[in-house]
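Okay, so subunit A shows up in both of these, paired with subunit B first and subunit C after.
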Partner chain A sequence: MIRFLLRMSVLMLLACAVSGCTDFIEPNQLAFVMGTAVDHADDGEVEVSHQIVIPTQKSGPFGGSGDSDSFVVMSAKGKNEFEAIHKVQKKMTRRLMPSHRQLIAISEQYFQKDDVSTLFDKLNRDPANNLRDITVLVKGDLAKNFLLLDHPMEHLSSIATGKEMEINGMNRFSTRQFIIDSLSEGTRPLVPVLQIEQVKVRSKETGPIAALSGFAALNKKLKIAGFLNDAEGAGAVWMSGKGTFHAITLPWKNGKDTLSFRLTHLRRRIDSADGHDPQRVVLTVMAQAYLLENTTSLDLSETHYMLEVQKYMNDKIREDLQLTMDKVQEWGSDVFGIGEYLHRSSPYWWKSQKDDWDHKFEDLDVTVRSNVQLRSVGASGTSFN
Partner chain B sequence: MKVSGYQMFWLISISSLIVFSFLPMHLAVEQARQDGWISILLGGMIMLAATWITLRVCMQNKDKTLVGFVKELLGTVLGKIIVVFYFLLWFTQMATIVRGMAEFQNLVMLHNTPMALILVCMLFLVAYAVYRGGIIAVSRCAEIIGPLFVLLLYVQLFLNPQDMDVKRVLPVYADSGWLAILTGTLHSFNYMVDPSIVLMLFFFAENKRTASRAILWGTAISMLWGVLATLVLVFVTGPHIAAELVVPVYSLTKFVSILNFVQNIDAFYIPFWLFGAFIKLSVCLFILSYGISEWTGFKNWRLIAWPAAVACLAFVLFSAHRIELSNTLKNAYLIGLVYPSLYIGLPLILWMLGSLRRRRKTANAA
Partner chain C sequence: MGAVSQSAEINEAYLRAQFQHCSDFVLRSFTLRDETKLILVYLDGMIRSESIEDNFLKPLLFDGLPQGIDRIPSLVEMFRREWLPLTSIKTEDSLENLVTCVLQGCLGILVDGEASALVAQVQGYEKRSIEEPQKESTLRGSKEGFVEHLRTNTSLIRRRIVHPQLKMESYTVGKYTQTEVVLSYMQGMADEQVLSVVRDKLDKIDTDGIIDSAYIEEWLENNSFSIFPQVQNTERPDVVVASLLEGKVALIANGTPSVLILPITLWSGLQSADDYFERFVFVLLIRTIRYIMTFISFALPAIYVALSTFHPEMIPSYLMISIATARESSPFPTVVEVFLMMFIFDGLQEAGVHLPNQLGPVVSIIGALVIGQAAVEAGIISTPIIIVISLTGVATYTIPRYSATLPFRLIRYLLLFVTGMLGFVGFAFGIIFLLIHLVMLESFGTPYLSPVAPFDGKRIKDILIRYPFAPKSGRK
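Moving on, here comes the complex of A and B:
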């Protein structure tokens, strides 16, 4: 009898502990945070907004026009990020769960006035965060307004931006990559920029959509060194080794006709110019090109025309990328990771350079070369016009 | 109570891997940055040598446990005092692992559960296993848990291929220099494997030759894992973040994202780590109770398991409230003096004394 009672009491104790019922939170008591926005608020405070999905209100992938019921945005201000998040939690009926977060949006104003590196501590220290989300910069508006937007195709704007970046081949911009780039001395981060534009999606509806509109290069103190527009940004992404595919349109020599290519397998390689001099660096970009639109009169099933087009394409790409490289170099922000390459190839020389790499990068002589192979000219030879 | 060589292999490898996954990587990478793997490699070699020396000592004294042969070699009084140090060592190891486990659970999963409850659950299980089954039950458990645990730990290293950038480990040596690497080794080698449990466990091995080979293999496997894990850590997060992570193995599992679908697998890994911790804690409790029973002459070592577990619980609860006691990992006395002497110094002395005694015996017999 005694043994039975003893065993029962032990089992009860274990059952209580094993189910963790002191920390018991059902899924319908959780609020899944899909996106977070960080804004600058007055008096040195930070405003944190969370975009929280409400699963019960979703009515399928293409349900209704403007599913404004499928998410809410809750925000609060505080002296640092943790305090602001704590205040958001106080306003919530459910426990915030950031483990599925897709996106962190930081406004341009926050970059200019505050120190973004203070966010890193919270992201790294609190084990509830994963570093798999994407960090973006919202230009010209509060990051909170980005979260408040509807999206015509997706339920939440943060999911929409995450999918947009993935579909367009830009999946190396995670927060972890951002932190690694900010902490290492030879690279500077490159942050995608979202801008909110008015877009007419249906005949009666013109709504704001946040679209990817270029990239921002940051300097050592994580302040914005400069903005690259869409075309330059795509080139910079290619040169820093973070791109997966790309599409370019080149004007032909007579100025009127155009050739359009789709580039895949984007790669880049950095070498020293003559083997040992760290002051001169050659960056070679490589890709495979597929010609997909041709309005010139060339018959591209002829071999010598294909070679001519390949050479022309390489020259044009080289010129455009060299312009972008010079522009970024002027800002002194090494988003391409050339510093890291020099760190690895000439580590002792690097020790004298690394402290002021922003300025020293401006003096470096970087040549861009292009080695793009023309793989196919599509399904027809001459153009049909 | 006999433990086969195969079981011994799993016991040793699980014990070493548990301690390895908990502490040394953070300490080494903090000092040596991306050359942390060299520190771990050096430390592993040192510990492998220490294990070999311990095995030599055990082979010389095949029919006694630590308590027995220390008394024989060093005399009764000195022997008893030295053995007390080993008891303290095993006791603090148990306390460190248990406290680390409970604090980790507290931080990550069970925020509101009082730590006492988590501790009671684990320690009750460990004490019961030792009380009822002794080392045989524990080694049978290790036979089952071992392959799964080791396999999962190794597989975890390769789940991050898209995030690994091999170049992050370069430049080798140029950034840190030999001083930083050696400091990293010094800080971390004490926490890598645990050769002192071999001193007690060897007595229970069935076939001494296969057991010694198994022990060396077990240590080698955990050392290999340690070096690989440090390399993967630097590949995935780069040297700056890796130096700051306190529990790098856990953080590595958080980064895994296979096909954008299999994510957040750390919830899967924590239970397996707990299985391994159970084995390690049971081994420590067993040798502690058996050693105390030999030391005091109290025959029933099974009963001693309970007070020892309660004492461990009390110690952990007491030290959890005092920050100085719970953060003594880098204490210069401990890592420079106490641990090396217990792991390396004492076995060396015992080995030399044993060989001297043997030579004298053969000289006398001849």
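Moving on, here comes the complex of A and C:
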């Protein structure tokens, strides 16, 4: 027993010496990166900016007081992402910790002038990146400027955007999803677009806020194929199967009154038209609808009105989504993953199509169908007016 | 000097020589009316003197020999027939044995001209009354606890098992203390192999004295270097009775209120008597909490160190920033800080055990104010660590038996040490070593982790969820 203890203690001492505590790092020697911005720089370089939390000795995680900035943005230029990050690290007193990153913002300019796919090599290769963060596109401004923004409610603009996406049912836009979409042959990435707007947040204060203003459809080379506005974007998200809930407002037949619905349990299904003809695809969107506002004079406690509204709602949704679908098809960017479906249903046909899928997608005959169930008309029947 | 002599003078001289310088030794000699010389020997304070006066001295001195239907001719005759109005009496021929009996609190009676002595069991020393056990309190169930007096303890068990199959074998252990130890078991239920091992070990105990049953525990256990106890101790008669009915063996030593139970498993230390006094659905909840808390009690400091200094990416972002904020001005590395706090916590605990009752609150005030508040405000210790250590401390005391908490308090330090060096790899090493040790350990032939390893589907019901009426199936 004593010999065993002696052996154990020798082993322990050896372990001490061998490990050298290399992995050991104190939390106060770490700089937590909450957001990263990627911008185009001249001479083929890339500018990487890190939004870093300043942990302060006050109560609460972000310092409590709203006046002092709770973050700092450090940026540097380099020939590739790693070099730029390394230059940022050289200016820092603490080791950069990207594992807790909430968001990667890439500017529109970078998408246009540089090759975005090179960015994701570093993210994929380095295990320190968790890929749970969201990839967004910043339109009309530098991505760095987005990081520099203050938010009236949250302490960091990157956290604010992350929460905004999550609370609005769009939680399938992680970097991981982006990489999967960009690497698969039959899907193209759909990237949320942020735009910096001037918003009056208090009576005396007007400040810039980054707000979600739609989505960008990318093509095979990760160049922007086109921008979808907010409403079109929400439809595209629904049709690509990435949405969870959604709200729509439809004008009634007389063109004056409106009906508003909340849609939950968003789903979609792709079928070939005759069961096996890959050239004609039917995309069916499904949801459960709850009537939230009704300014028409219809008494929806009457079943036939309810059925009429349901039918009308389905027709309108189908029309709107078909328009979006046609628009995206013109760009030749299959953000819906129809190619992935065809890959599985008609693998031999797909082999001849996959090399030029962006063009082939343009010529595909895609029909949108809507199957939304009106589940509830609310507590009252008629409208109050 | 072996046998009792016929001459009272020789006997008296021997006894006086043996009990030289013993101020509590009383040798009373007097002569009756028929000129018979009588010697009484006893230790003052060890016998019920009133009973002797009333039943023995008064009749002899005032009334002469008791005269019944059959006249007793002499004291010697009465002596031979053991006609004394006392319940427990025996003759003793050896002077050494007489001395031993007197030391144990008997009354020795010697008569001139008789070559043997009478020994009367009239022990009447002061003893503590039965109280509620302090260490193992339960909400429901018996409030009786063991005391120091052996026969009171055996009677507490005997009163609960009214069956002749309950055996009480007596052993005397300790060269000077001559402590009586009773081996108690249910015949036919207890494992004969365990019994013979225990009998063997009891016979082989070679020690000057047994101060507490813990002394016997050390002589009994196979692996004295293991951090896990292989013998359970309890102050509760109901626990002993339940164990006896499960086929276990109990050892009751004179002079100690803690009774030993063996063999045991890891789980018996984590079970409370209350588990069997409440409805099983509720016990399921309580036990789950207790098992989780037990894990917390030895693993939480190590997990905290591993997570916050080796794998900060595993903590949710906002929590990690909270921890980083709290740790911003801490001068020590996390592992040192945790070690310091654990050290202080255990120190406070040790101080609390030894302090006189009146000074108890002082330690709590110092502990709470100085270490809790001031250290955090001064920025020496960070708040999350206070939370971790307090939670660990509370978790320790969800383990119902004090002696079962001790291994976990030790493991806490060892795990912290390896984890502080190697992170979760070290933690895994520590847990694996712990499991290997536990699987190898045996308590009197019973694997320490049974019925989990080796697996026994029937008995595991009692360990994990206390299936209704599982105690019946607890016996092997």
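Of note:
We take it that the second predicted complex is superposed on the first by the 349 of 385 C-alpha atoms of A that agree within 3 Å, B and C clash if a C-alpha of one lies under 4 Å from a C-alpha of the other, contacts with A are read in each partner's own complex, and residues count from 1 in each chain.
One rule holds in what follows: a contact is a pair of C-beta atoms (placed from the backbone, for glycine too) under 8 Å apart; a residue touches a chain by one contact, two chains touch by 3 or more.
Here the structure is a predicted model, which means the values were calculated and not measured.
Once the two complexes are overlaid on the shared chain, A:167 sits clear of subunit B and of subunit C alike.
When the two complexes are overlaid on their common chain A, residue A:53 makes contact with subunit C while staying clear of subunit B.
Once the two complexes are laid over each other on the shared chain, residue contacts for A:179 go to subunit B alone; subunit C is not touched. By the touch criterion stated above, A:131 is placed in contact with subunit B alone, subunit C being left untouched.
In the superposed pair of complexes, A:344 makes contact with subunit B only, with no contact to subunit C.
Of the two partner chains, subunit C is the only one that A:30 touches; subunit B does not reach it.
Of the two partner chains, neither subunit B nor subunit C is touched by A:379.
Shared interface residues of subunit A (contacting subunit B in one complex, subunit C in the other): 23, 99, 130.
Of all residues in subunit B, those touching subunit A in their complex are 107-114, 117-118, 120-121, 124, 163, 167, 170-171, 174-175, 237-241, 244-245, 250-251, 254-255, 257, 260, 263-264. If you check the complex, the residues on subunit A that touch subunit B are 10, 13-14, 17-18, 20, 22-23, 99, 124, 127, 130-132, 166, 176, 179-180, 183-184, 340, 343-345, 347-348. Within the complex formed with subunit A, the residues of subunit C that make contact are 223, 225, 308-310, 312-313, 317-318, 320-325, 327-330, 333-334, 379, 417-418, 420-423, 426. Residues 1-2, 5, 12, 15-16, 19, 21, 23-28, 30, 32, 34, 53, 55-58, 60-63, 97, 99-100, 102, 128, 130 of subunit A touch subunit C in their complex.
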